[in-house]
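These are the structures in question, set out in turn.
One chain, chain A, links the two complexes that follow: it is found with chain B in the first and with chain C in the second.
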Partner chain A sequence: MIEAVIVVNNHGLPRLLRFYEDYTTAEQQKVMGRVYEILTKRKDTSCNFLSGDVGLKNPNTRVIFRHYATLYFAFVIDESESPLAIMDLIHIYVEALDLAFQSVCELDLIFNADKANFILDEVLCGGLEAETDIKQVTSVYEAMNLHEKGKG
Partner chain B sequence: MKTLPDLIKGIRAHRGSEEEYIGKAIQEAKDEIRSLSIDEKCTGIQKLWYLQMLGYDMEFAGFHVVELISSTQFRHKRIGYLASSFCFTDDFCILSTAQFRKDITSRNQYECGVALSALASVANADMSQALMEDVLGLFNSSRPYIRKKAVLTAYRLLLKDTEAIRTVFPALKRRLDAETDPSVLHSVVNVLTELVLKEPKNFLGLVPSLFTILNHSSSNWTLIKVVRLLGVLCDHEPRLPGKLEGPLTQHLQNTAAKSLTFEIINVAVTHMLGNKSLLKICTERLAEFISPSSSGGKRDANLCYLSLDALSKIAAKYPRVAAAHNAALLACLTDDVYLIRIKALDIISSLFTRKNIKDIVARLLQFVDETKMKDETAAESDTATEGKKKKEKSKKKRKKHGLTSEEERAFKCKVVDCVVSNSCKENYNLITDFAWLIEILTKLGATHSSITGSTIATHLRDVAVRVPEVQSYAVELSVSLLTSSRLSSDAVSFTESATLFSVTAWLLGEYANEIDSALVFDVVSVLMSQCILSLPTHTQAACVNAALKVCSRQASKVTSDVLDDCIKMIRSRLSFFVSSASSRVQERAVLVDVLLNEDLATVDDLFAPELVPVSSKKQKKVKLGGEGNFEDLIVPIELQDWEGTGKEKEAADFFGHAKTTKDPAFADDVFDDEEPQDNRVKKTSGKRSDDIFMLDDDIVPEVPKQPSGGDAFDLEFDIGGGETKQTSPSQAFGRNNSKAKQLSQARVTIRGIEEEDEESEEDVGRSSHAHSKTEPDDLFGFGDEGDLFTDSEAQPKVTEHKHHDEIVSPIAKDEDDIFGFDEPADFEEQKQKKKHKHRKHRKHRHKTEEDEPVKTEPVKAAPKKDEFDDLFDF
Partner chain C sequence: MAELRSAFKDDNPNITQCILKLLYIEMMGYPVSWAQMEVVKLVASAKDQSARRLGYLALSLLIDKDSDFLFMTTNSIKTDLESGSPYRCAVALHCLGSIGNEDILEKLAPYVIPILGTQATYLRKKAALISCNICEKLPDQAELFIPAAKNLTMQKSHSMVLSGTQLMTAILKADPTLWDNFLPELRNCIRVLKSLVTSHSGSSENMICGVRDPFIQVSILNLLLVFASCRRKLRLTDAVDLPGLFASLSAVLTGSPSTKAAGRAVLHTAARVVLYIGAGGVLRDTALDVLARFLTHKDNNLRYAALSTLAASLRDGTVQSNEISKHRATILHCLTDVDPTLRKRALDASLCLCDKTNIRFIVSSLLKYIKDVCNSLSNNDIEMRAAAISGIILACESHSPTPRWHLSTLINLLDICGGWENDKGVGGEYSSAKSSAKGSSRSVSATFLRSDIAASVLYLLSLHSSLQPYAVQLLLHRLPACLTTMNPSLAYLIGCVLGEYGHTLVLHGKERHGEDDTEGGHAMTSSSSSSDEPIDDILGELGLDDTTSPGTETHPQTSVPTHDDSHSHDPGSKTNIHPSLLFSSLHSLLTSAVCKNVRVHSVCVNALVKVSAQFPSVFDAQPVDESEDLSDEERKSREDIFTIGSETKRLLSMYAHHLESELQTRSVEMCTMLRSDKVNILCQTIPGKGDDDDEEEVEEESGGSTDEKKIEEGEKELQQGEKAEEHQTSAENDDLDDLLGLF
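Moving on to the complex of A and B:
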C-alpha cells in the first residue's frame, strides 16, 4: 500500500501531506523533512526510486518521486506496490490537478490545499489506488463541486 | 473573520515572524470553532487543518470536527471529513460512528464517497466492528463508485478488526468473480494483493479466478497486481509456474507498458527462476533496457536500475545467462548515475570465471584508466581556461549530469577493489596464469597504490612466495614498480602505498638473484634514496635490509665496479638511517653497515636458506615437547656472562649503542672464522654468533607464547645438533662454544617463527622442514586445505609473459591439459595424478639440488632472515 503522500517544494515547505497510518503531527513533519532531505540530494538524472527508512513504522519502504518544476511529489510505498506503476500514478494525480486548476502551479496548491486533498481522495482511498482513470477522477471531483454548490 | 486564503496570504506576508502570526491565527481559529455559526466553525477548522500541515497540532478541535460532519451542507461535511483524518482520536470515533453510518448509507453517492474515504483513514477497532456490515452492504451497490470505495474501505476496516476476514473474504471473492466494472475489479484485486502478501497459502483458492483475469483483463493496472499476486502464490503451488508461463510470455510480448513488463520480469526472476524459456525472454528485454542503443543513446535511469536489479537476481542463479550481457553491463559502468554503476559492478563481480577473468579485468582496468584520463584532461582544461566563470559552469554541469568527483573516486576504488578481490578470491581459484596476476597486481600497484596498496601488497607477496615459477617475473615487475612508484602524501594513501613499497622492497631482497644485473645499481639507489626517510619506519627498515640483500646476492653477478658503486652508495646514505629516531631502522642500518665490511659472499650465505610455503595451520599441528622451559629465559644470566668477558661486553655495547659499530676491529672480529660449520651460517664463529645474536634473547621470552614457535624451536635444536633430542633452549643458550652451531640455527628458527606469526594469516609460512620428520606426508603441505599446492584447482599454470612461451610448472610439464578444467568428469582423477606427481617432483628436486641428507634439510630450509625487523625490535 501507499503509506504516505508528500508534496514538498524545492525549499522544503510542505504543500500537501497525507499519511495513511496514524502519525502525530510532529512525526509527520519529521518524515517530511527526511524525505525532502533525501530528494534534494538527488540529481535529476538519477533514478526516481529511493529505498531506505524515512522514519515510518514500516522500515521497508521506498520513496517514489517525481519532480515537477518547483514541486516534489513523493509517494512512500511498501513492498507490495510496483515502483513503475506508482510513477504512473503520481503522474495521473498531477494531471488530474492540472485539469482541475487549468495548468496547475505551486500557487494553486498553496491556496487550494483542500481541493488538492479532495482530488487525492479520489485517486487513493486508505492508501490503495482507487481510480487510475484521469477522466473518472476529474468528473467525480467536478460533480462533487457541483453538488456542494447545489446544496450550499 | 479571516478566511483560509487570508491566513495563507498573512503567513506569506509575515516572513520571519510567522510563528507569532500563526500563534495569533490559531487563537482566532479556536474562537471560531466554538462559534455557533456553522460557517464560522467551518472556516476555523479549515484554517486549523491547513496549519496542521505546517506542523501545528489540531487534535483539540476534534469535537468541533464531529459537529462539522453532522452538518447538512456538503461543503461542511467535505471539510469536516477531510479534517477528521488529521485529528480524530478514539473518543471522536465513538462520537462520530453514528454519523459515519448515516452518511455511508446516504442516498447521495458523493456524501457516501467522502464518508468512506474518511472512514478508511480514521477507523479504529470499535468503529470497524460497528460499521463493517454497512460497508459490506455497499459491495452490492448499483453504483461502481460506491462499490469501489466500499471495497477499499472494507480492507482498512479489516486491518483494525481482523476477525472480520470470515465475512469480508467471501464478499471479496464474490466481487472478484462477478465484477464487471474495471476500476472496482482493480480495487478488489488490489485488496486481495494486500491480503495475499500477508499470508499467501491461505489464498490458493483464488488462483482460478485470478488466472481468468490474467487472460482477459485489458487494464494494465489490474494485470500488474494480478501478476504480482500469482507470482507470490507460485511459491506455494508448484504447478502454477508452468501454467503461468504461457500467459506471461504472451503479455510480455504484447504489452507496451513498461510497468507491466517489469512486473512480469520481477515475478519471473523472484518466483519462477526454474522457468528457463520465460527467463530467456526476460533477459532479452532486460538487455534492451540496459544497453544504451535501444532508447536512442540514452538509458532511462529508472528502467536501467530496475533491469540491473532483476539481472542481479538472475546472475545469482545463472551467472552464464547474465554473462552474455557483459558488454552492456560494462557500458553501464560509464553511466551518469552512481547507483547504476555500482549495481552493474556488483553483477560483474559475480560473473568472474576462469575463462573470462582476463577479459573482464582488462575491460575494467581499461575503464579505470579511461576515467583517470578523462579526469586529467578535465583538470587540464580547467586550469587552461582559468576563467572563473567557465570553471564554475563546467563544475555545475558536471554536478548535474555526471558523477561528482567524490563519487568518481569512490567508484574507482570499488572497481580496483573488485578486480583485486575477485582475482584473488577463493585462494586464487580463478587464476590459471599467475604471471598475468602478478602483472595486474603490479599494474594496479603503480597506478592505484593509494587505494588498495596493502591488499595488493598482500597478494603480491603471497603469489611470489607460493608460486616459485613467477618469482623472476614478479621481481622484474617489482623493479619497475619500485622505480616508477610515486609516493603520494595524503594520509590514507600514504600508509597504503608505503605497505606496497615495503613488500616490493622485501620481494627484491628476497629474490634478489632474479634482478637484472644491469638494474642492480638503480634498484639499490631507489631502496636507499632519501625520500624513503619520509616513509613509515617499517618500510625504511625493509628498504635498508633489502639493499644489503640485493648487494650480497648480486655480488657474484655484477662487475666489481658496479658492486663498489652500490656499496659506496649504501654507505653514503646509511648515515641517514643510522641516525633514525626509530630503533628498528637504526638497528638495521647499523647491522648493514657492519655486514658491508664483510665479504659479501659470506653475507649472502646468511640469507641463503630457501623460503618454502607452509600452511599457516601447519605449525599448530606440531606438538610442544621436550624439556624446554621457555619461561625462565636467560636474559639476566646472559648479561652477567657478557659482562664477564671483555669482547662480549663490547658486543653488548654494540647492540646497546650504535656508536660502537665504528669499531672496525669488532666488526671484523664478528666474522672471524674459528671453526667452519656445515650449515649455512658456517662462517660465523660460534662464540661470536652467540654474541651477535645476543639480542635474540630479548625476544625469546615472547616465543613460548606461540605454541608453534616454541615447538619448531625445539625441533630445530634436535635436528641441527643432530644428537640430543631433548636439548633445552637454556642449555643451548649457555656460554658453551660447542653449542654455537645449534645456537646459530636456533636463531634462524626464531626468525622463522617470528615471520610465521606475522604472516600466518596469509597461508604463507616460512618454517623449517623440521615437521617433515614427524609428518612426512605433509612435507609439502599436502593434505591441508589452506595450502595452495594441495588444492588442485589452485595449482598454477604459469606462463612467462616476458618470453611468450610457457614455463610449464612441474606438474603441467606432463599434463598440459590438467589446467584446462574443461572436462569436469576427469577432474578428480587429474587432481589425484597431479598431487602425486607434484609430490614426487618436489621430493626429487630437494634431493638433487641439495644432495644432502634429510637431516640437514631443516637447516637449509629454515626460514630466511630476510628481515631483521622482528628479531631486533624491542
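Moving on to the complex of A and C:
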C-alpha cells in the first residue's frame, strides 16, 4: 500500500501532505523534511526510485518520485506495490489535476489545497489505488462539485 | 493565528474559510491542536455538502488519531454511512480511508459491509478499499469480507475487478488459510488477464500507452504472487487446478509492449510471478529474458527493477545462480554506476549471486571495488563499504571453496579495510582524524579494530591446524606493508597469530627440511600456488600477491630497526624459517607507531612473551669475542642472534612498570625467568600427567595452547640445529644470511 503522498516544491515547502497511517504533525514534518533532503540530492538522470528509511513506522519503504517543473511528487510505498506502476499512478494524478484546474501550476495547489486533496481521494483511498481512469476521476469530481453548488 | 482563534470564537459565517486557513497552517507544520474541537463541531453540524466535505477532510488531516475528538465524530460518520445519499456516503468513506485508528475501524466495520452490497459501483469500490484496510488492521475480521470479494471479482466492470482483486489480496495477506475460498475467482481473474492482453476488441477504456488497463493486470499478477506465497507459507506443494495460468502468463510476457512505462511495469511483475511460482521451460526462459533485457537497458529505472527482482528471487531460492551466470558481468558493472541507488541494488544482487563456483570471481571484484571506488568520505560510500565488507564475510562463511582461500580472502580484506577508522562513518569525527588518503597518519587514539574479521581468522585457524603455518607465512609477508600504512587491525591479527601459531611455521619448515633438502623449497611454493592459482592471478593484479617466484622480488621500505639491508624476499621457497624472524617481526611491531593502540599493544607484548617462551635458546647466545676464530658469516649470525635476544629482553623489561597490570605481570615474570640460568628448563613444556613444580607452573602460563611434544622436539632440534649452524659451511651460512636479512 501507499504509506504517504508528499508534494514539495523546490525549496522544501510542502504543497500537499497525506499520510495513510497515524502520524502527529511533528512526525509528518520530519518525514517530509527527510524526503525533501534525499530528493534534492538526486541528479535528473538517476532513477526515480529511492530505498531507505525515511522515518516512517515501516522501515522497508521506497520513495517513488517524479519532478514536474517546480514540484516533486513523491509517493512512499511498501514492498507490495510495483514501483513502475506507481510511476504511472503519479502521472495519472497529475493529469487529473491538470484537467480539473486547466493547466495546473503551483499556485493552484496553494490556493486550492482542499480541491487537490479531493482529487487525491478519488484516485487513492486508504492507501490503495481506487480509480485509475482519468475520465472517471474527473467526472466524479465534477459531479460532486455540481452537487455542492446545487445544494449550497 | 490570534485572528483565527477569535474568528472561531465569534461563530463567523465564513467558517469554511477559517478551516481552509487552518489546514494550510497545519501543512506548514504549526501546531493547531487547539482547533480540533472546531473541526468536530463543523462535522457534526454541517448544513450543506461543501461544509461536510471540508469538515471530513479537516478531520482526516488535523485530528490526532488517538484523541477523544475522533470518537465524538464516530456518530456523524455512522449517520452518513447509513444515509442513502451517495455523496454523503462517499465523503464519509474518504475520511475513513485516511483514519488508521483500529478502534474506529472496528466500530464502523459493520456499517461498511452493507455498502459493499449496494448497487452503486462507486461506493462499492471505495468500501472495498476501506475493507482492505480493515483486513490489514483487524485480521480476524477478514472472513467477513469473503463473499463481497468474490462478488466483486466476478463483475464485468474492470474497476470492480480491480477493487475485488485488491480486497482478495488483503484477505489472503491477513489470513493465508483462506486461500481455498477463492479458486473459482482466481480462474476468472486469469481469464480476464488473458483477455486484456490478447483481445483487440472491446472498449478502449483505460488504455494507457497502448496497454489495456495496466493497473488491473498488475493487480491480478500481484494477487497470484500473494496466493503463491500463502501456499508456500502453509507449505502446500500439491498442484492447484488453475487452468490457463501458464498460457495467460506467457501471453502477458510476449504480448505487452516494452517500449512504454506501463507495458514495462506489467512485464516486470509478470516475470516476478513466473519465477516465484516456479514455472519451468519456455515460460521461465522468457521471464529471465525479460529481466536480462531490463538489466542492459539504458533507463535506470528498469535496471533498478531488474536488479531488485533478481536479488529477491535469488534470496528466495526460486532462481539459481547458474541460470543468470551470463549476466554476472553486467551486474558487477552496475556496481560502478553513477547512481548510488543502483549501486546498492547491484551490491545486493551480486552478494546473493555467490555460490561455490563463482564466489572467487565475485569476491575479487568486490574487493577491487572496495579498494578503488569506495575510498572517499561521502556517506554513501561509507554505507556501501560497510555493507560490502559484511556481505563478503557472510558469503565467505557460507560458500568458500577451500579453507585456505577463505583465510587468504579474510586477510586481504583486513589489509584493505583494517586501516579505516570507523566504517560506520560519523562524518565529523572521521574527517578530523584523517588527514591523508588511504589510512596513513591516523589518530592514534582510535580504538576501532576489525576484531570481527580477526576473530573469524583465528576461529578458522583453530579448526584447520594445517593452515597455521600458511597463515603465519602470509602475515609475515604483509607485515612491512602493514607498518607503513599503519593498519591497526592487521597489526592486531599479526600479533595474535604470531604469538599463537608462529612456532608452527618453524616446525613446518623443520619437517620439510628434514624430508628433502632440495625439493622442500619448491614443495612449499608449489603447494601454496596450486590450489589458489586463479585467485593468485587476480590477487597479483591487485598487488596483493602472496606467493612469489623464487628470489626476484624486493620488498618496499620497512621500519625494522635491527636489519637495514633489504635482501630479496622469498617466503615461499625457503623452508628453514628461523625463529629469529618471529622475534624481529614482533620487535618491529612493538616499536612502530601502529602499536600505540592499546589493544594492539597488549596483544603484541603477549605474543613476544609466548614466542620467547617457545624459543628460549635465542637468549643463550653469548656476545661475540674478537678473539674467537669465526668466519665473517658465522660472526654475523651469532651477533644477530645475540642482538635479538638482548633487544627482546630490553623490550620486555620496558613493561615492568606499565600501568596495565597484566602486561606488568607478564613482563616481570618473563624477565625474571630470562635472568635465571635455567631458562631452557623453565621453558620446557609440561609432560602429559603434570607434576606440580613451581617453575613449570610459570611456564604453563606462557606456553600457549599447542602440542607439547612437538614443542619439545622442536626445541631440541633447534638447539642442535643452532650448534650445527655455528660450524656449518659457507653455503648454508648464505642461507641463514638471507633468512636473517629478510627484512
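Definition applied: the second predicted complex is superposed on the first by the 152 of 152 C-alpha atoms of A that agree within 3 Å, B and C clash if a C-alpha of one lies under 4 Å from a C-alpha of the other, contacts with A are read in each partner's own complex, and residues count from 1 in each chain.
Simple rule for what comes next: contacts are C-beta pairs under 8 Å (C-beta built on N, C-alpha and C of every residue); 3 or more make two chains touch, one makes a residue touch a chain.
Please read these numbers as outputs of a predicted model, since none were measured by experiment.
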item	value
Touching partner for A:40 - first (chain B), second (chain C), both, neither	neither
First (chain B), second (chain C), both or neither touched by A:129	both
Partner chain in contact with A:60 - chain B first, chain C second, else both or neither	neither
Contacts of A:139 with chain B and chain C, given as first, second, both or neither	neither
Partner chain in contact with A:51 - chain B first, chain C second, else both or neither	second
First (chain B), second (chain C), both or neither touched by A:84	both
Intersection of the chain A residues that touch chain B with those that touch chain C	1, 14, 16-17, 20, 24-26, 28-29, 43, 45-49, 80, 82-85, 87-88, 110, 113-114, 117-118, 121, 125-133, 136, 140, 144, 147-148, 151-152
Chain B to chain A touching residues, read off their complex	4-5, 8, 46, 49-50, 52-58, 72-75, 78-79, 82, 108, 110, 113-114, 116-117, 120-121, 145, 148-149, 152-153, 155-156, 183, 186-187, 190-191, 193-194, 197, 219, 221, 224, 228, 258-259, 262-263, 266, 301-302, 305-306, 336-340, 399-401
Parts of chain C lying in touch with chain A, wherever the complex brings them together	20, 23-24, 26-29, 31-32, 48-51, 53-54, 57, 61, 64-66, 87, 90, 93-94, 96-98, 100-101, 122, 125-126, 129-130, 132-133, 136, 159, 162-163, 166, 169, 173, 205-206, 208, 213-215, 218-219, 222, 226, 261-262, 264-265, 268-269, 299-305, 338-342, 344
Chain B partner contacts - residues on chain A that touch it in the complex	1, 14, 16-17, 20, 24-26, 28-29, 43-49, 79-80, 82-85, 87-88, 110-111, 113-114, 117-118, 121, 125-133, 136, 140, 143-144, 147-148, 151-152
Parts of chain A lying in touch with chain C, wherever the complex brings them together	1, 13-22, 24-26, 28-29, 43, 45-51, 80, 82-85, 87-89, 110, 113-114, 117-118, 121, 125-133, 135-136, 140, 144, 147-148, 151-152
